[in-house]
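Both complexes shown next keep chain A, but they swap its partner, so chain B is in the first and chain C is in the second.
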Partner chain A sequence: MAEKLKPVDVVVVGVGFMGAIMAKELAAAGLTVVGLERGKKRWTVPEFQSPDIHDELKYSIRKGMMQDVTREAMTFRNNSSQEALPIRQWQAFLPGSDLGGSGVHWNGQTFRFTEADFVWHTRMQERYGKTFVDRNLIIQDWGITYDELEPYFDKFEYLLGTGGKAGNLNGKIQPGGNPFESWRSREYPNPPMKEQYGGVLFRKAASEMGYHPFVQPSSNMTRPYTNPEGLQLNACNYCGFCERYACEHFAKATPQTVILPVLLKNPNFELRTEAQVLRVNLDGHKKRATGVTYADATGREFEQPADLVIITTYALNNARMMLLSGIGKPYDPQTGEGVIGRNYAYQTTGDVYVFYDESVNINPFMAAGASGTLIDDFNDDNFDHGPHGFIGGSYIMSALTNGRPIEFHPTPPGTRDWGKEWKAAIRRHYNHTAHMLIHGSSMPTRTNYLDLDPTYKDAWGLPLLRVTFEFPDNDVKMTQFCVDRAVEVGKRMGAKTVAGYPRKPPFTTQKYQTTHNTGGVIMGSDPNTSALNRYLQSWQAHNVFVVGASAYPQNPGYNPTDTLGALAYWSVDAIKKQYLKKPGALVSA
Partner chain B sequence: MKRNREQQGSRRDFLRSAFAVGVSSAVISVEQIRAASSKMRSTDNAKTFAFFRPEEAAFVSAAVDRFIPPDEEWPGAVDAGVVEYIDQQMAGKWGSAGYMYWHGPFKEGTPSQGYQLPLTPAELFRRAIAAINQHFTTQATPFHQLSTDKQDEYLETLLANKTTLNGVPSKVFADFLLQHTIEGFFADPIYGGNRNMVGWKMLGFPGPYADYYELIDQYGIKVDRDPVSIGSSPRHHAM
Partner chain C sequence: MKLNRSILIGTLAAATAGFLLTRSFAAESPKTLKADVGRGAEIVASGTDYGVAACARCHAFDGTADGSGAFPKLSGISSYYLEKQLRDFASGLRTDAIMSAIARKMKVEDIADVSEYYAGVRGTPTPAPPAAQDRLALGTRLATVGDEEKKIQACEGCHGAAGRGEGPAIPPLAGQYSQYIAFQMRMWQMGYRKNDANQQMGNIARRLSAKDIEAIGLYFERLPQKDLAKNKRQP
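Right, the complex of A and B next:
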């Protein structure tokens, strides 16, 4: 029997980036807030310090910062005719754990979604007609517009200290920035990153071809910065240990560096770590949450009553928490009915390698998590898709985030994978290879979805999340097209050999792609096709808000975090200004 | 008496483990095992391992040195300490599946679903190597005494999944061994491999201690300082 604790105003499930933002704003508004984090506390000092933090085996290979797969795995299958089996070791995507969540090990790549993205269904119909989009795709509008979200993008980027160059200031295109971006109300808080050598070579070739290269917006600091919360960050030193690692230098915007110290100082907030939330509890009518039940590190169960429950446990885990708690009807791919688990999408990525001769020292190890140079010409709705037969796109970015040798030792196509020839080839090419990431959109289908696994359980006896996913034909065409464009740029970069690797089905859990899993608890304007309204409020239980990339109806070709931070600030603003005054549905169904 | 029993016990353990390699084989002889282990010792100074038995170490040493062979300039996997690295991994948490979701039912999956055998990495190694060593007891020469061409040929058959090893698809084991070889050649030397940072020196990776603020935009610069490892790095703290 769970021990019943003293009620609080708000319980936040998961203290990562979004949990910290929601908790900080609500505690500052005078509410009592408890943050429940399943993992442990960890800080820049001492946990993230050098040299131990730069351990490729521990963090990249053994996944030292990730969700403890021995306790909480997921199952996977490519389609419903297969039996899902557990992903026994993370590879394709890497959900984080412990205080700060995935916000500790992210790369800091900070892109806004565009005006078109938020009205994607409408935009595709208007521009390409009603029959252009593959009928198997279930794209939707978000129920919110870019213009509404712009102030919150701005707020999040200033929290992070993002470095970049505006491409569109209040509608006016700016030299040096991304001319395809949607308008922003002011410049980035910091200037752009230093470019890598590969980026400089790419910039030259892309410019000659008439494209529009720019430096990637980055939340690795480009100079010392004090954010609006009063926290100080240092300049990034390009050490090449960013994603999958924590920053030892206070130079990457993470919950630890940009918000948690402020949150923890507020006496209205209490952090409880090693608190594994098992479910959100509902009242008898299932229209209102009464709090959550969690287990501590020794297995004791507690019931934490709260007036407001905020779920911020990472996209995939958000969907699982809703399913475990019975909030929202589970999606059924046979009928197309139900809302939890639908519109699961990912990211469709490809790679291009540019092999130079030995006179060109690329120095891959001199890198930040977000020090790329890219073009946006073939992303989003930035070009006419009419002749191509697909929707969506990719950015093409020359970037090496590291030269860590267990994983990075490129060889040209046709090289044997081992032996004398391989050994000579990795030595020959290690310092003389540039890389392009082709980072593309992922469109939802009727058959890609999330639900609870019927067989496999976690360490608390609860069903694992089951992921059913295959790359849709639309996205396979898209990524081939974008990789072809990238290879053309590569051939102008002055290298002997250029090799392109578009992503092809089947999706495999065994190769790292990205941790940009989206959907499952999507926002929208129709309760029959979305789980949340435009304020990330559950249509079913008005005092449950779900903040995560789980809210995205489809995933554009940009990294998801910036838009997520904007949505968190937008949502918490609605809670403060509207919900607290009159608790109830903020949008009538 | 007590001492004698202990000695007997350890001899029995040795014999049991030696015969376990043969599993169902009646042909393997203690002499063959001794020959194998003395051959291994002659190249490896009677090294004792935490996990590997002598006959297992003999195979692994020969195989990883084909995956990353020594050349005129750079040592191969054995001299880089890869066998010690794999031994430590198998003896520890990784070898006992301590980093994996380890609940059944265990079922055969698709390649997209990844590793699904009900064998821990250590059990997988033990089982597969036993099958390989048993296979070579029926040949004139054990694997580690074959010519390098013949060794390569055999490793190719394993990688091409042309056989099973006591029920283990040979590619599953061979890919596992190759991945561990690469890890052992390039992981920080604190794990027993990458001895003297040879893997890093060979590639030109300067190691985990890194600050390139002043260098990153000196495009094309050649960095040729010696690398620094976790063990050899000064402890410094940001605050």
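Right, the complex of A and C next:
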């Protein structure tokens, strides 16, 4: 029997980036807030200091910062006819754990989604006609527009201290920035990052081909920065240990550097770590949450009553929490009905390697998580898809985030992958290989979805999340097209050999691609096809808000975090300005 | 005011590099000349007839300087770093009452030659000054772990384990005179020195107290100098 605790106004499930933002805003508004974090506390000092933090075996290979699969895994299958099996080691994607969540090990790549992205369904029909889009795709509009979100993008980027060059200031295209981006109301808070040598070569080739290269917007600090919360960050020194690692230099925008210290100083807020939330509790009518039940590190169960429940546990875990709690009807791929688990999407990525002779030194180790030079010409709806027969796109970016010895072994096609020949090839190519990331969109289908696994359970006896996913034909075509374009740029870069690797089915959990899982608890304007309204409020239980990339109806070709932060600020603004005054549904169904 | 000035400097650097608002690693590396160590040794010993003072007068032939702590040890520091400092003294990016005047008289090849010379010499160990236990403990903590409240990362995160440096760009601190380290930290702190990448050192130094700075110097002076030059020439 769970011990019942003193009620609070708000319980936040998961204290990562979004949890910290939501908790900070609500505690500052005078509400009592409890943050429940399944992992442990950790800070830049002492936990993230070197030499330990540069332990590649511990963090990159053994995934030292990720969700513990021995306690809480997920199962995976490519289609409904297969039996899903548990993922025993994170490879394809890396859900973070502990205080700060995945916000600690992210790379800092900070892209806004575009005006077209938020009205994707409408835009595709308007531009390409009603029959152009593959019928198996279930793309939707978000129920919100870019213009509504712009102030919140701005707020989040200034919180992060993002470095970049605006490409579109209030509708005016700016030289040096991304001409395809949607308008922004002011410049980035910091200048762009330094360009890597591979980026210089890429910029030259891409410019000659008539494309529009720019430096990737980055939340690795390009100079010392004090954010609007009054927190000071230091400049990045390009050590090449961002993704999968924590920053030792206070130079990457993470919950620890941009918001948590402010949150923890507020007496209205209480952080409880090693608190594993088992479910959100509902009242008898299942229309209102009464709080949550969680287990502490010893397994003892507690019931934490609260008037407002905010779920911020990472996209996939958000879907699982809704399913475990019975909030929202589970999606059924047979009938197409139900809302929790639908529109699950991923990211369709590819790689191109550009092999130079030994006179060109790329110095891959001089890198930051978000250093990179890219073109957006073949992303999103930035080009005419009519002749190509697919929707969506990819950015093409010359980027090396590291030259770490265990992971970075570029060898040209045809090289033996073991033994003396392999070792000699690595020595030969290590410092003379540029890389392009082809980072593309992922469209939802009727058959890709999330539900609870019928067989496998976690350490608390609860069913694991089951992921059913295969790359849709649309995305396979899209990524092949974008990789082909990147190979052309690579050849122009003056290399001896250019090797392109488009993503091909079947999707495998055994190869790293990206942690950008989206959907499952999507936002929208119709309660029959979305789990949340435009304020990330549950259609079913008005005092449950679900903040995560789980809200995305489909995943564009940009990294998801910036849009996520904007949505969090948008949502918490609606809670503060509308919901607290009159608790209830903010949009009538 | 300070911010505006740094933006201006950044923009100028970008324009020089030829990329509007884009800076690259490649564009910033100084061109390295083929250095002549023998000629470097001559300048170290005798200076030049156009007014460059003999380096050894203050820094000694083996780079250990005179033990006063007023002049830094130069042994074991990369030629890249020494060269950059001399160029910065010459250009005014870094200023020093003595060095600025000397560096301005040096030709580009003089700078390359003496830098190559000092990068290759083996220094002589010097006795560490006495230090109180609590002061050393503070220095050790700041240098190896950092400080969460002050948002300072461990010095050794960049300056290498045991202060051995992360060559060629980041200098070793092990064995350096604490008085010299403290003086430079004060220069960073007060904004008189700012010739590093991304204003890193000034930003850190401004958050340190006088006691912190002294403690960090004492910690590093007690560490053995990296034996980088072990098999190299001795003067």
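We adopt the following convention: the second predicted complex is superposed on the first by the 589 of 589 C-alpha atoms of A that agree within 3 Å, B and C clash if a C-alpha of one lies under 4 Å from a C-alpha of the other, contacts with A are read in each partner's own complex, and residues count from 1 in each chain.
Heads up, the rule we're going with is that a residue touches a chain if its C-beta (ideal position, glycine included) is under 8 Å from a C-beta of that chain, and two chains touch if they have at least 3 such contacts.
Just so it is clear, the model here is predicted, and its values are computed rather than measured.
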item	value
Partner chain(s) touched by A:395 [first = chain B, second = chain C, both, neither]	neither
Partner chain(s) touched by A:237 [first = chain B, second = chain C, both, neither]	both
First, second, both or neither for A:153, with chain B first and chain C second	neither
Chain B versus chain C as contact partner of A:302, first or second or both or neither	neither
Touched partner set for A:378, first chain B, second chain C, both or neither	neither
Which superposed partner A:456 touches (first chain B, second chain C, both, neither)	first
Which of chain B and chain C A:223 touches, first, second, both or neither	second
Which of chain B and chain C A:196 touches, first, second, both or neither	both
Residue contacts on chain A - larger count, chain B or chain C	B
Partner chain in contact with A:52 - chain B first, chain C second, else both or neither	first
Intersection of the chain A residues that touch chain B with those that touch chain C	44-46, 49-51, 194-197, 200, 234-238, 248-250, 363, 366
Residues on chain A engaged by chain B in the complex (per definition of touch)	44-46, 49-52, 54-57, 61-63, 69-70, 73, 76-78, 82-89, 91, 194-197, 200, 234-241, 248-250, 360-361, 363, 365-367, 371, 403-406, 409, 417-420, 423-424, 426-427, 430-431, 455-457, 506-510
Residue ranges of chain B in contact with chain A within the complex	66-69, 71, 74, 94, 98-103, 105, 107, 109-116, 152, 155, 178, 181-183, 186-188, 190-191, 199-200, 202-206, 208-213, 215-217, 219-223, 228-230, 233, 235-239
Chain A - residues contacting chain C, complex	43-46, 49-51, 165, 175-176, 191-192, 194-197, 199-200, 203, 215, 221-224, 231-238, 248-250, 257, 363, 366
In the complex with chain A, residue positions of chain C that touch it	6-7, 10, 19-28, 144-148, 151-154, 156-158, 161, 197-200, 203-204, 207
